[in-house]
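The following pair of complexes shares a single chain, chain A, combined with chain B in the former and chain C in the latter.
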Partner chain A sequence: MIRFHAFPYPAFKADHMSTDSTTAPVSKPVLSQAELLYEAQQRQTRNFRRNVSLSWGILLLILLYLFSGQSFLGIRTIRLDFEFIRENIGFIAEGIPQTLLVSFLSITLATFLALLAALGRLSTIPPLYALSTFYVSLIRGTPLYLQIFFFFLALPQLGIILSGLFAGVIALGLNYGAYMSEIFRAGLASVGKGQREAAIALGMTPWQTMKRIVLPQALRFAIPPIGNDFIAMTKDSALVSATGFVHEVMWRATRVGRAQFHNLEALIIAALFYWMMTIILSYVQGIIEARLARGDR
Partner chain B sequence: MKKLYHVMIVAVLASLVLSACGAASTPAPKDLMEAVKQRGYILVSTDPNYEPQSFLNTEGSRPSETKCPADALTTAEMQGFDVDVAKAVGDSLGVETCFATPAWEVITAGNWADKWDVSVGSMTVTTARQQILDFSVPYYYTPAVVAVRADSGLTDLAGLEGQALCVGSATTYDQWLNHDMEGLGLPASSIYAEAPNVTVVPLETDQECAQAINSGREDFIGYVTSETVVDANIAAGFPVVKLGSPVFSEDLAAAFDKSSSLPTDSLRAEVDKLFTDMHSDGRLSELSMKWFELDLTQDPN
Partner chain C sequence: MAPIVRISNLEKYFGRLHVLKQVSVDVAAREVLCIIGRSGSGKSTLLRCINFLEEPSFGSIEVDGIKVDSGVKGKEHRQLVHDVRLKTGMVFQEFNLFPHMSVLENVIEGPITVKGMDRAKATELAEQNLDGVGLLFKKDEYPNRLSGGQKQRVAIARALTMEPKVMLFDEPTSALDPELIGEVLNVMKKVAKDGMTMLVVTHEMGFAREVADRVLVMADGEIVEDAKPDALFSSPKDPRTKALIERYRTGAN
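Up next is the complex of A and B:
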């Protein structure tokens, strides 16, 4: 997004007006070169935003038209059964809370695991370092789809019978935790060495240094990417439907779609909901990011 | 001091592992039937991908007083022939019927880990499955047919040689096409035709096969599935026709897990008795007429 700071101009304007008002007639406000430039920039920003919105609208209309089933100048479009969509959209929408629940539980677990893995990665104790790198390597080296089935099918043999929901949450949490550990590692590494040295000089223990000095600063770097991963996770949570026990958006879409031979329509409904969820979540993430950036000039 | 927080990390990890393992189980009843009656509901697995056998009732909503676990569906949320038969099982035991909806491969793979009690999901009795599952007496029989694209011009099985056919993965149709007669394990009298030599395209369910043809894809010329599914496809306006008469007939029954932690014998005997009664008093025929508009409950052999 292009954004211009209003910063130096208002001060400039005030100075200028005060000296000018004594000599020039007051009939028409005289604008300085700087003010004109500032207004032109503002106008440009407004125009840019308006044209972007307009183009978005046009792209949306083209997308809608592509699914209208109409034929225009020999260009065929995709025909959908709107009766089916009308009848089943509500049923599929009921899966949204489940999708968000799975994503929320998983991201919580993932954040926790990622922090542990990152600390392990920075540790000087060989077993901890090994545990962390082994975990990240194993999880990043195997498909998420497979991991979800693994926790669902393998753990019962150890006497641990997890519901489909928790098997899915553990798989998603472990998977994202492995990827997110890199985010935390970067966050922890971004805190300057001088900060730690200063903390030690003040007599803090390593634990206190971590808790009071390093983590608060590292987390500020880590939160925007976590939001990003949360948005990605709402979509990957669709894989949890594979075991059949979590009745979230994707599960509902495939079941009604298959039984009534309308997979395409059902999947398009699901796509619409996932898209809407990510738009809303991206917006929320934008607000959080702006807030965190405030203290960081 | 630096070691202190490493020790804490290890402690947290260890407690996580331990808490996962430490889930205590309640004192076990003597068999599955007793367990079902104690908890007041029977958990039946069925695959809601098939209309009219088993599919979701999108209008129905979960009753507030249900005993069903949170990730199971109630009788209000499901419908179909299998669902009605399952309800009859629950009713005869005097308990509520609840539905678990695992993926089909997960049901047929056995080792259910007590996640559900019984499968009433139009499962074909095969020798391979009998290694890991115990079956009740059959509650109905379906003929398997080959369906081909209406514009293919084919009239008999011989014309299929060298073509590609689609099936639902891990189904009996998959086994028949792959000439796995041992795995299929049907009596010779139930098999009416030998499978042609074709390229087998296994998709997640046979519904994907039918929809692929309907959407204009040409990866295969047809598919093998039960006659009821093909009838439903044709009724939905799909451009397919049945190729000749049925190729084999399947006995469909309720299934129990051999690796169940509780003995299933008494529950199986109860279900056997119920199905036999429902065959003789015509209740099964009635349900078959209701959902298929034809009686599939008579043994074709």
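Up next is the complex of A and C:
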């Protein structure tokens, strides 16, 4: 933006802006100086975007080439069985709704738990504070993979038989809730002391202050990071396939891959689907963030 | 007539710091009381003790017949504090408008949430007060679209809409650009003229002189002088008052 001198500075063509050729040419250059600078800036932005897209395209082509099975100058590439891919891509794709369902249910549970944990963390009541820190410490101190198995294996002993789906959702929800509690804590902390004081001075009770003044502002702050975690979760949901009872993308990929000795192909299909899902979700998140930023107040 | 605000033997400690020492003040109904003093003199703390944003360490506060002793805990105390807060409106240095609500929503929030007033009635009252501060035309804007002076005027309207008996102003113009101070002071003058009891912590000596019925000077957690503005500004008795007035006089011109 600063490199003005790099642009075609002289007022060289008034013609590209002039739709009306009868206008006196004398008054033009005054306007066109600013216009030209603006145009040059716009052009630079456009060029940047175009070059980025182009580079993306090249990187994609290189990636594709790496899986082409061709050999060039002695560099070998990966050979895939496209017959297998064609036959099984549908079967794996059928797991997408399951993956999204697990992610959606888990993020909902996680958001709820994270909020409670964050409130507990801010609480002055010792047992609540302890419960919150205990939960976060325990969950963050153990692997997610292990937690998923734990809920799948332990709950039946208590006489609670959950479907693989719900055991997975509980594990993922608990796990992400512990991490996301930090987001909410930051969100709650981002609401200034003055806001609470103004509410209290109006006569609001602590609960009213929380509900009407603090939480709405904290949630606004927390929405973009929640979106990030949702995207991350679509991928971590693959771990629930380990229990063997949720027929999501990863489970299906592993199943057909193993059965037909085409693990690599199956995993690559799954990878493609995960990548596509995250691209779409990132795009949606971008729109939501832009909207939040626009109404920023 | 009994005073509407009675502060008796108020003490406040922040940790080991003794910020208010045996402060006692009576304020009559409709009186405008300005509190001046250097920063750190305890004037803001005194104001914030009145509506219990700061819990006093010792002493008592009485507002419009509701007496609250400090150092007490429990449900009854909380209820009394709540009652006192309903009798007082507060305006802050940093405005503290709710950024997620429009101007109108800011102003009706208190009556609806705290008093359970119905929305139509709250809106009517809010619009009257917004009109009073000259900002009815901004009622659908969000606070980030307002200037500092406009924000503070909305904050005044928000406090007034709770229909308090006493208004507390905590350095209401200290965060404003100089050219915006006047509009806020004018609104405050109008509120005073309408008969509101006002306690104003301020550095605006001109305002104190012109509008106040009484001026308190605080230093080191104590009231060192309590006088009519004319007397105080023309012949200050305490050396600390003298120094304070001198400092503003030279600072202002």
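Keep this in mind: the second predicted complex is superposed on the first by the 264 of 297 C-alpha atoms of A that agree within 3 Å, B and C clash if a C-alpha of one lies under 4 Å from a C-alpha of the other, contacts with A are read in each partner's own complex, and residues count from 1 in each chain.
We take it that a residue touches a chain if its C-beta (ideal position, glycine included) is under 8 Å from a C-beta of that chain, and two chains touch if they have at least 3 such contacts.
Only a predicted model underlies this, so the values are computations on that prediction, with no experimental measurement involved.
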item: First, second, both or neither for A:128, with chain B first and chain C second; value: first
item: Partner chain(s) touched by A:240 [first = chain B, second = chain C, both, neither]; value: neither
item: Dominant toucher of chain A (residue count), chain B or chain C; value: B
item: Partner chain(s) touched by A:201 [first = chain B, second = chain C, both, neither]; value: second
item: Touched partner set for A:266, first chain B, second chain C, both or neither; value: neither
item: Contacts of A:255 with chain B and chain C, given as first, second, both or neither; value: first
item: Residues of chain A at both interfaces, chain B in one complex, chain C in the other; value: 205
item: Chain C-touching residues of chain A, taken from the complex the two chains share; value: 192, 194-195, 197-205, 208, 212-213, 216-217, 220, 296-297
item: Footprint of chain A on chain C - complex, ascending; value: 51, 53, 82, 85-86, 88-90, 92, 94, 96-100, 109-110, 113-115, 142-145, 155, 158-159, 162
item: Chain A to chain B touching residues, read off their complex; value: 87-88, 90-91, 116, 119-120, 123, 125, 128, 131, 152-153, 156-161, 163-165, 205-207, 210, 242-247, 251-252, 254-256, 258-261, 263-264
item: In the complex, chain B residues that touch chain A; value: 1-6, 9-10, 12-13, 20-21, 23, 47-51, 55-56, 58, 69-71, 73, 100-103, 106, 109, 111, 113-115, 205, 207-208, 210-211, 214-215, 232-233, 236, 238
